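Lettered A, B, C, D, E and F in written order, each chain numbered from 1.
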């Protein structure tokens, strides 16, 4: 069966700048049928309260993902040999109608889930994670490992609008898509709307690890706690690019200085290995505010790191099944 | 009374880079009370089907409008001596809820109109002109002089969405805000959705002057026809920055090459002098896609040209009243 | 048969920023089999003597070609209804070995020609036109309509190197791929290496229309002469983006001020209608030197104009065949 | 009294991109009357020896300060509830006459001081700190906490010019505005004019903490020493944005690699809490050399951090007064 | 003697990106001794009232002048064969002291004049032309052909400052460096400070050809008048890059839309041929505000055009001398 | 003798933006005769497999090296007082012919070596280090300290091409220019072509210190091992700018996130002091992909650090000779 796994274009034969831009230079396929992991774009920023542009994220992350080679240099993992992975294109979106947009995204991801593939999506603003969770957590609440500068658990904006990129995880908890005691947020920082902004989240049981605590304890200690919080149960990983410092990822709608270095972020993502993941995403890459493609490169590399973690999980599960 | 007219900061005393950025360096005032012309921002791009960013237009047009001096070098008009003009700030907007956004914009402009001032707004995407027309043409249909690369008279997008920046003038005609026989569009060009895309508009009686016709006839002949079409009745002027060539105004959501030069555009705007205008706007300046502020400079200068035309109209009307 | 023609994604249903970037949002297909016109990229700048980067041209022209709609607004032509057109991907290239690169490009285009499709390629530097001509003019010399700031008929560079982007048309004439009396160059300008730089070309019979002559006579008169020169015999069209003024197309390796406006260029390309074309290209779009994608938009639009001309030719020929 | 404190626009009601750009979205007021803290711009770079542009700093820092929310997430401080703060506009400047410029700046800040407000200024080049010190230290020498890549204690430039952005602190000590034994400079680095460049400063008693020492000891140890040096006596804080690494703050006239991370800088500024401050500034933000507004975001955030420290001081002093 | 003329590096042997950046790739020489034409930089913008940066002009114009080849394609002139030309470096400047700056520039140009060479300088802001005129018109008033968006004949700024880039030609007339009846300004446009702003200039006898008149009459008719105005007497040519449209030359301090196209400008400069020139300059290229080097390319090409005109004059004069 | 050493222009007298751009503002000299250290550019990227542009590196590094002052602030070393250093220009290159390019570069460096100077070159892509090593290690294999994100020890690309910037050190070992047991690579990271990509290098005895190991051990411990590996024997230092994090050095062809900070890199370069170096280089600065000159500043500073190390070695050796 592994002989039929999709393989990326080889950069030692076809230069990276050649050919259509797909995620990781993998084949573009029409559906997730037969895939273990589906790379999918969600070109939608309908929930953005300030600077839009994340709708252009999937295209540019695809573009710069041509820089990724085939093997993870720390794990030694060859993801395309242990899992069947492809680029299934973008889910349908509606840039004009927020509620229709949410439905279309949920449907797109639900189709991937229904075909048995793990969705690894590239946004899109952070509100896209809500319909993704509606698709992956339809039957039971899941845990969440959430890298971000912002908690995204506010209630409403601009009157009583419940759906923005500042509210998805409040909605997800209200909709019982997430088990709040298995939700952990890492990297939260920056000025806030009021001293009680995070009270609701904490009352639900969410563990917020502010940047200051992270800086004091370091990636290893923090991730040990994170792993303890989510345990072995199904967990989703969401990576907001604004968790990274704006010097490394300037192309995002709501930058906050003092963020993770990419080195810290890579170290944390690698420490996700061995968990029980139901999907992952990289969101808030906003090319119109990027400079020199720096943010898209970071986004593509984070997607590569997550893809390798998912591929290793597929490999383990296949080994168990085979045994 | 003229002694109390608002005056801009003098660049020969206070350098242009100093001070808060307001339109034309005019005072920021709380309402249009007592104004002849109200400069107002509409920071909203909720109708944008492709590249958003016009929400940032008012701020950057204000920023670059610091380059405008106090006198029109061709007319010799000193607008701030013949009309009371100020920056009334931005209308309220809702970036998340399209229908609420339309209502808020209409209310903001209606307040200006109610106070007896002519609104000169800076968008925002072209859908903003619909609620502006709802405010200025509440009582009777007006004529329209429409500079644009696109007719913006399509019906629906993304299913059956009636409100986008590709549809405002179809809605305005349906709502009887515009008299289609007094609507003229200049500069239309670029690939279209189908050979019948403009049939509806033409059937209503809209006169479309394609770029090719404009290039053959020149600004003077075209504007003579335009003036004949709208006549002496109340007329609104809408200037989409994408009517200008993208080399001169790259910062816009839907660029089409082969556009007006700024020289042609200035010549045309000056030929609006003497008409009976009820307001005007400059729309679709999208700073995230701009390079070096070029588009904002063009937008600011077009707003200055329109302001001078409106000020001259105020001056004439005041002379008539005084007589 | 027309029911099976490839169709682009409809921007009124799927927004332009969504989906994989292919030429004109057409399907990516594996070969030119069954096509009338093959859109193909040549990501190679091995012949560049100064500023490289045209290797990235195909990808960015694809990206910005999402802005093209389905119908030509002047001709009313719907290219995808009268011709079967698709994106066949990029030809193989070798960024390290010039001679191997030339062979690979020739082979890629020859395959398109062999399958009966007209190649419309997007470069790549201007040396790519040499192997293209080797493929399309294998059996008989063709005419050439050449829009450019430079004659590209020099002999050698950096010692005795015969193959650079400054020499392709000298080589093509020497190789009898071009009939020099049916070669016309339009837009030539800028400082030159010596007063005799163009003597060889003129001695061969090439007609050089310098920018100054073009400016004096205008597009219509010039194109009338061009059409007379090439006549009804097979002719290739090559469009160097540096023929366009650098303010409109800054992203190119050898900019020369005082170039065509895009309006002039579009007018000229439309006047190619009715000729007997064997293929066409747009070359020297160099994204690393572009600002805000301006050059890629121009390149994509010029490719759209050429595609419509080719589609109209296909339609005429099919009508003749059917008669 | 607190009911009358100025409040910023609320981003959950009015989006950040809307409205005039003022510091922290606070009201623009005509004078410092009644304020505890006056945010003021100094748009002047008359002392710049290399790359000018800091004259544009206040406008862009205002622009990006729209990203600041109302509460400090570590202290929990709500600055606008404990102190009356507003944007008093820019001081008058003269871009053509250096000595007149120095006088105008001093007068502008002296007016703020006379009205009992703490000045928090945004430059402008570092020479602006000299006239600020003339205003705040008119009656007695103050201490200085100075974050910078450069000591700025040189003597003269370009012949015998005593006033440049490389000399302000030498002048300030000569003018007895600073008590050199209470001056500490942190982050000094980069190539120097000669091995004795800092000798004069050290001889005066200035404590220079080079970047290498900072890197070895860390923010906490360094700030403990800094606090001991300045003690409880009146102290001014000056923050040169080039103390930050150029990857995080590229928009400055004299970048030096190897600078502070923003995380380190924020940590240090928070450790200023409890000192006896007479004012503060952020200088050398040069928008023409910035990329993507990165430097202006950093400048705005540093100003926010300093404002919170000053607000906490106001709160403490008011509590003491009330007791 | 011609065997000893300086020659530029040959781009067909050494690529344009190689080697030190000098004007036109000519040798850098220590003095103007033996030169017919001295290319010289004036890196100074001390007179700039708004956006500084022209101090960086000489370096970037040098950089992009590598694109110039050795022969003028219209005249067929080979400037380096008919005149001895070199890059004499930059005159000394003082960025901190305006009056000292003026003296240094005058001294630098006076040295060139004393050695018998024609100065062709690259600024720097337009105030640099005043000390240049002090050097070249020391003994008798000269005529002036002045391409610009602005008349630059204002009196004072920021109080009573007589020296800014808005005042040089008023000062030059007061100092009897210019014969006002032989001064012609072409391209003037944009908003002005008052309806009487140009009255003084006109009263002196200056002929102002506004852009609108230029657009109506065209380059040939305008230049015929210009040539008649200056006649055969000694004349200086000053070319402000902001005379060019900002779409073609965005990198300048005071952009005004509706400017010359480069094609128009080149046509006008070529019509200077045969006049009696005493020097020329290109000013106000401001790299920090440029995009993609577009303005520096235009500046370099305008300098090349002027250099060819000067070289042809040298050739004629040498022929006369030899006869 | 020291009286005759070349000295850079003094920035306290002549501003940094003035004058021709040479390395460190040193004199441009015709040959390495009499020099201790020759700063030389290698404007060539013929070996680049993905994004070209390093050919423009020398010019921009020269441009930004104007920011360097004369003294190292940590060592207190004044390099221009202890060593005779100048800018010898660029070696000849051939952008069209790879093998000719390699020969020309080798010849250029060999000439420097023959004249007794230490070459400090600025590339250019990393393939340029191969001909440099052919020149400096002609007589005996040397050691190598190699800072890079990539091992550059692959075998072939695009068929059987042996010479690319991914292969130089494999070739150098095969050619016995390097003693593999004295080769150490630091900073290697990023996805790889296969789990065995580095096997060949390790089998030769190369010590690869991956970024993860570096991050765990720190600069001091790592450099202690590095110094032990190379010992006292002749050693070359090659610094690929992509070893630095892309946030600090975005302008490079093959960016990999998670790189060195400049602070770490400076610390490591300073720990090279006391070794026995035969030359050094900084490569892969690619200005077309840079933003705001950030990468060129880093490249210039790294060259300054290396130059100081080499100057200190010259000083020591001269002291020994004198003894």
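Here is the rule we use: a residue touches a chain if its C-beta (ideal position, glycine included) is under 8 Å from a C-beta of that chain, and two chains touch if they have at least 3 such contacts.
All figures in this text were calculated on a predicted structure; none of them were measured in a lab.
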Partner chains that chain A and chain E have in common: B, C, D, F
Centroid-based (C-alpha) most distant chain relative to chain A: E
Geometric centre distance via CA averages, chain F-chain A, whole Å: 38
Centre-to-centre distance between chain F and chain B (centres being mean Cα positions), rounded to whole Å: 56
Residues of chain B touching at least two other chains: 15, 17, 49-51, 55-56, 95, 157-159, 245, 247-248, 289, 291-292
Topology of the chain contact graph, where touching chains are joined (line, ring, star, complete, other): other
Chain pairs that touch, as defined at the top of this document: A-B, A-C, A-D, A-F, B-C, B-D, B-E, C-E, C-F, D-E, D-F, E-F
Touching residues on chain E, where the partner in the complex is chain F: 14-15, 17-22, 28, 41, 43, 55-56, 58-59, 62-63, 87, 89-90, 92-93, 95
Chain D residues within the chain E interface of the complex: 45-49, 51-53, 55-56, 94-98, 100, 157-159, 161, 163-164, 288-289
Residue ranges of chain D in contact with chain F within the complex: 49-51, 154, 156-159, 188-195, 197, 210-212, 215, 245-248, 250-251, 254-255, 257-259, 289-292
Complex contacts: residues of chain D adjacent to chain A: 10-13, 15-17, 67-74, 76, 78, 245, 247-248, 261-263, 266-267, 291-292, 294, 297-298, 301, 304
